[in-house]
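Across the two complexes that follow, chain A remains constant while its partner is chain B and subsequently chain C.
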Partner chain A sequence: MQAASLHWARPYLAAFRARFQLMLQYRAAALAGFATQCWWGAIRILVFAAFYGVNAAAAPISLADAVTYVWLGQALLALQPWVADPEIGQAVRTGGVGYDRLRPLDAYGYWYARTLGWMLARALPRAALMLLAAGIVLPLVGLGDWALRPPSGVMAALLFVPAFVLMTALGAAVLMLANIVVAASLNERGVNAVLTPLVIVFSGSLLPLDFYPDALRPFLHVQPFAGLVDIPFRIYFANLKGGAALQGLALQAAWTLVLIGLGRLAMERMMRRLEMQGG
Partner chain B sequence: MNALALYGRYVATSLRAQAQYPAATLMLTAGHFAATAIEILGVFALFDRFGPVGGWSFGEAAVFYALVNIMFSIADLLSRGFEAFGTDFVRTGAFDRVLLRPRAAALQLAGYEVRLSRLGRLLQASVVLILASSLVPITWDAAAVATAVWAVAGGVALFAGILVLQATLAFWTIDSLEIMNVLTYGGVQAAQYPLNVYAAWFRRVLTFGLPLACVAYYPVLAILKRPDPLGAPDWFLPLAPIAGFAFLALSFVAWRAGMARYASTGS
Partner chain C sequence: MPQILVEALAKTYRVAERAPGLTGALRGLVRRRWRPVHALADVSFSLEAGELLAFIGPNGAGKSTTVKILSGILRPTSGRVEVDGLVPYEDRVRHVARIGVVFGQRSQLWWDLPVIDGFDLLADIYRVGPERYRRRRDELVAMLRLEPLLDQPVRQLSLGQRMRAEFAAALLHDPTILFLDEPTIGLDAPSKLAVRDFVRQLNREQGVTVLLTTHDMHDVEALAERVIVIGQGRLLTDGPFESLRTSVLAERRLHIDFAGPAPALEMPGVTVRARSERSLELAFDPAEIPVAKLIAAVAAQHAVEDIHVDEPAIEEVIARFYDLHDAGEA
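Coming up: the complex of A and B.
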């Protein structure tokens, strides 16, 4: 019975798994990326430490939480929707997208599953390495003050699970919109040029959103990109807890649904107009 | 044709190629402008919230930021061939063809693909420099301008040296390694704040290991006419950028060693 009810999901799972396993092959890239991210995180933390040293009272979160925020951000960097899925652009330029149109599948769901596999396969090995380095090695060598801390309490850990799932789902939904624009315009450079800075600033990758001028808070806390970094990480160290945490989760979920809805509409229109390139 | 004229020819060819797609080139430049300009937003937000740090206001910190970004953007413009060396030349075997030509390999690589889009970073850094000049009283007299130009030259040499090292590594690894981004982009990231805000061990890395402080921090002190809070003597400040040229010279020693052991990938 269960097998039958899951039957519809099998092709999407297969698409996800194939992409995930392919991306896991690039071990050297993952290692190089990991080293880069360690250095990056270290510089960020040194800068934070300098500013906290002069005026810690002005900071919206403690230095320990800021350090955790930086390491979590570096660990999950590849989950951020900075650039459109490169394979989509390729498929559209070579005409490979024609095969996708022939599959008896929901086109949006199929691309979404593949994009999700691409994101997670790049992110998870690096995240595991980063947790090991920043969460276990740093405290062991006596740099506990600069380490990634575990979630602040059982409740925070439990709430972080749905927050993580939603940040991934939201990231894939943002990428899908980018993918669709790529498919319509045949070129990913323009989209990425717009998308990357937007995501870095408004997700909270550059700085936790509360570090920006206070007057911007009402806007920063409701825009869709907040659910990519700022909300889940603040849930992790219990800066958002109880009702506020649930509100954060609701915002993530709402924006995910809205962006998926928009993506489906845009995809339908785009596919109707799509012209096959090459053969 | 002498080396300089040949280099000019390379650059002209590359520019003409990009001029074929003016809209794309403009958009890429604008994109690069936006992508690199967000960093100054972060710097601004931190100063806005915390106030001055290490004795520096936002305007003064912006001078460090602007000069480092100007240096890197020019180096990036001139050394694309070295950055892409592993992927585009060693792995594909295209370097064999470069070696067959009766001209220095380094010259040919320097002339490979001068990407106009990289002017985006140069542009935003220049805007920040103008902004900073209006925020803090900098007297742009002849000495200050000369120091700035000299510092930028040293900085370009330093970043070019890093890219040459990255290319040199490819003789052993056959591919360009992303890990060198730690030194290039990571270096820009680190040097865009004044050195004395960092912990002592990191200051040493940035002075003696990768001499970014010598091309950015010390000369900017001289431009702002401020004594070094860390105690370096005043006469040293404008001299420091020479370290960038020393770094480039050492990089070319390594490059020679790499060239000597180059074996074609045979494809």
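Coming up: the complex of A and C.
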């Protein structure tokens, strides 16, 4: 049974691994990304500090949690699906998509595995650097109030594991929809121009969703992008716990399945219409 | 039952039509007009296992479209296709596991990976067992002389080297059918010869069915017993290359160097194709005037220094054939 499933998964694991290894080579990009994310993290924390200084009572979470929220967001920024996978755009322009169609694989699964490899290879080195800087170096130099804190308790840590897996799977599912639109329209700029602001606002990346006006919140908390940042991070510092945390995980899982289902349908349609360029 | 069966295949693309200039672009925003382009109008043929068939035709004739439909990438507008009992675009995953494809203008290897890593990856993608993979890979590496290239990233290979690696990549999973879309395009003479040798060996010794498209008539002459000529989406002929050559152009050429100035030669059934001060090039049909008779007639009247007969180049045969059928690109 295990041998059979490994046999089935072998191509997808290979596609993931190849992309992951290739992307890990880009050390300069990882360092540059890390530097940028430190800078923006510091600015966002200053903004939060100013806000809490004026009106701490109005805030839905404590300043310490807000600081952790920011650093966590900066650490995992590259996991967020705000630009389509550039390899797909390139494959469409160069006709490499044709070769993708020649592989005896589920077309959606093949692209999903590659996109996942791309996301994780970009995210993990930066996340490691950021954990080191914001979680260990800051407390050591006496800036513990402004540091990334560990998960609030064993339960939060345990729940954060599936939350992290689901935020990654959901992010890849969102990216796949973007990839498919890129492939169908032969153009990635338009897709990214729409996707980036949507993800930044609705995921809670810009601001935790509880900071938005009351009237919007019922909607904000059930839409798919909440599972990318807001839900997993609040599970991390136990702002969502017990039943609420499980609900959050269920929402992440449900949206992941829905978006994968939609992506599969869209891909099927797109591939039927696919026309390769040239005689 | 033939291995490949194609019946009344048609493929129509829709192309957005746009008036030129800015006004045209603006009008296109509001109302777009579509124009149908018939890449394939009505193509039927069949191919037995182990055959080697060449598809030739001018640019835009529909050769690549045919290959893309047969390999499962494109879906035809109408018609019927069966390859080994499967409809390629309906049963894509099972179908593509049995075929190999090389596009001369594209690469299926990973640009940044060493050749050998790309092979390993393809073995994973096609789920080739480790033992079988090692045997097949070593065999292909030997046949294509890839040993010194294996640890080089694909981007560093010359086109000829890359093409050899592409062939190995297309064959690692042991397909019974190989589709080649302009496999020799842009290659230098030795690389072309290497590709032809390899394809011949594959077809004759391993029984792989080969369907190739090309513009290089030497490919056809060296490889294919059977040729299909296609123009503007229609099948023009289907038969042995020799019969194509004789049916289209029986013409022979006689080149004569004279001891003195070239004479004004006038004989029925003979046309002067070129002349210079001391030489003539004549075109004639040997069915009308046998060569011996023509030479004797010329030599009897003039002082001849040198004389030889040849036949038109294959490229010329084909160009004339396209003209005859009005098949050139519109």
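Note that in this section the second predicted complex is superposed on the first by the 276 of 279 C-alpha atoms of A that agree within 3 Å, B and C clash if a C-alpha of one lies under 4 Å from a C-alpha of the other, contacts with A are read in each partner's own complex, and residues count from 1 in each chain.
Note that in this section contacts are C-beta pairs under 8 Å (C-beta built on N, C-alpha and C of every residue); 3 or more make two chains touch, one makes a residue touch a chain.
As the structure is a prediction and not an experimental result, all values here were calculated from the model.
When the shared chain is aligned, chain B comes close enough to touch A:Ala49, but chain C does not. By the touch criterion stated above, A:Leu265 is placed in contact with neither chain B nor chain C. By the document's definition of touching, neither partner reaches A:Val137: not chain B, not chain C.
By the touch criterion defined above, A:Ala128 lies against neither chain B nor chain C after alignment on the C-alpha atoms of chain A. Residue by residue along chain A, chain B and chain C are tallied for touches, and B comes out ahead. Contacts of A:Arg103 after superposition: chain C is touched, whereas chain B is not reached.
In the superposition on chain A, A:Ala32 contacts chain B only, with no contact to chain C. Contacts of A:Arg189 after superposition: chain B is touched, whereas chain C is not reached.
Of the two partner chains, chain C is the only one touched by A:Ala15; chain B is not.
Interface residues of chain A facing chain C in the complex, by the touch rule stated above, are 7, 10-11, 13-15, 18, 22, 94-96, 98-99, 101-106, 272, 274-276, 278-279. For chain C in complex with chain A, the touching residues are 13, 59-65, 68, 71-75, 92-94, 96-97, 99, 101, 103, 105-108, 110, 112-113, 117, 121, 124-127. Per the touch definition, chain A reaches chain B in the complex via residues 29, 32-33, 35-36, 39-40, 43, 46-47, 49-55, 58-59, 189-190, 192-194, 196-197, 200-201, 206-207, 211-213. Those residues of chain B that touch chain A in the shared complex are 24, 27-28, 30-32, 34-35, 37-39, 41-42, 45-46, 48-54, 177-179, 181-182, 186, 189-190, 193, 197-199, 202.
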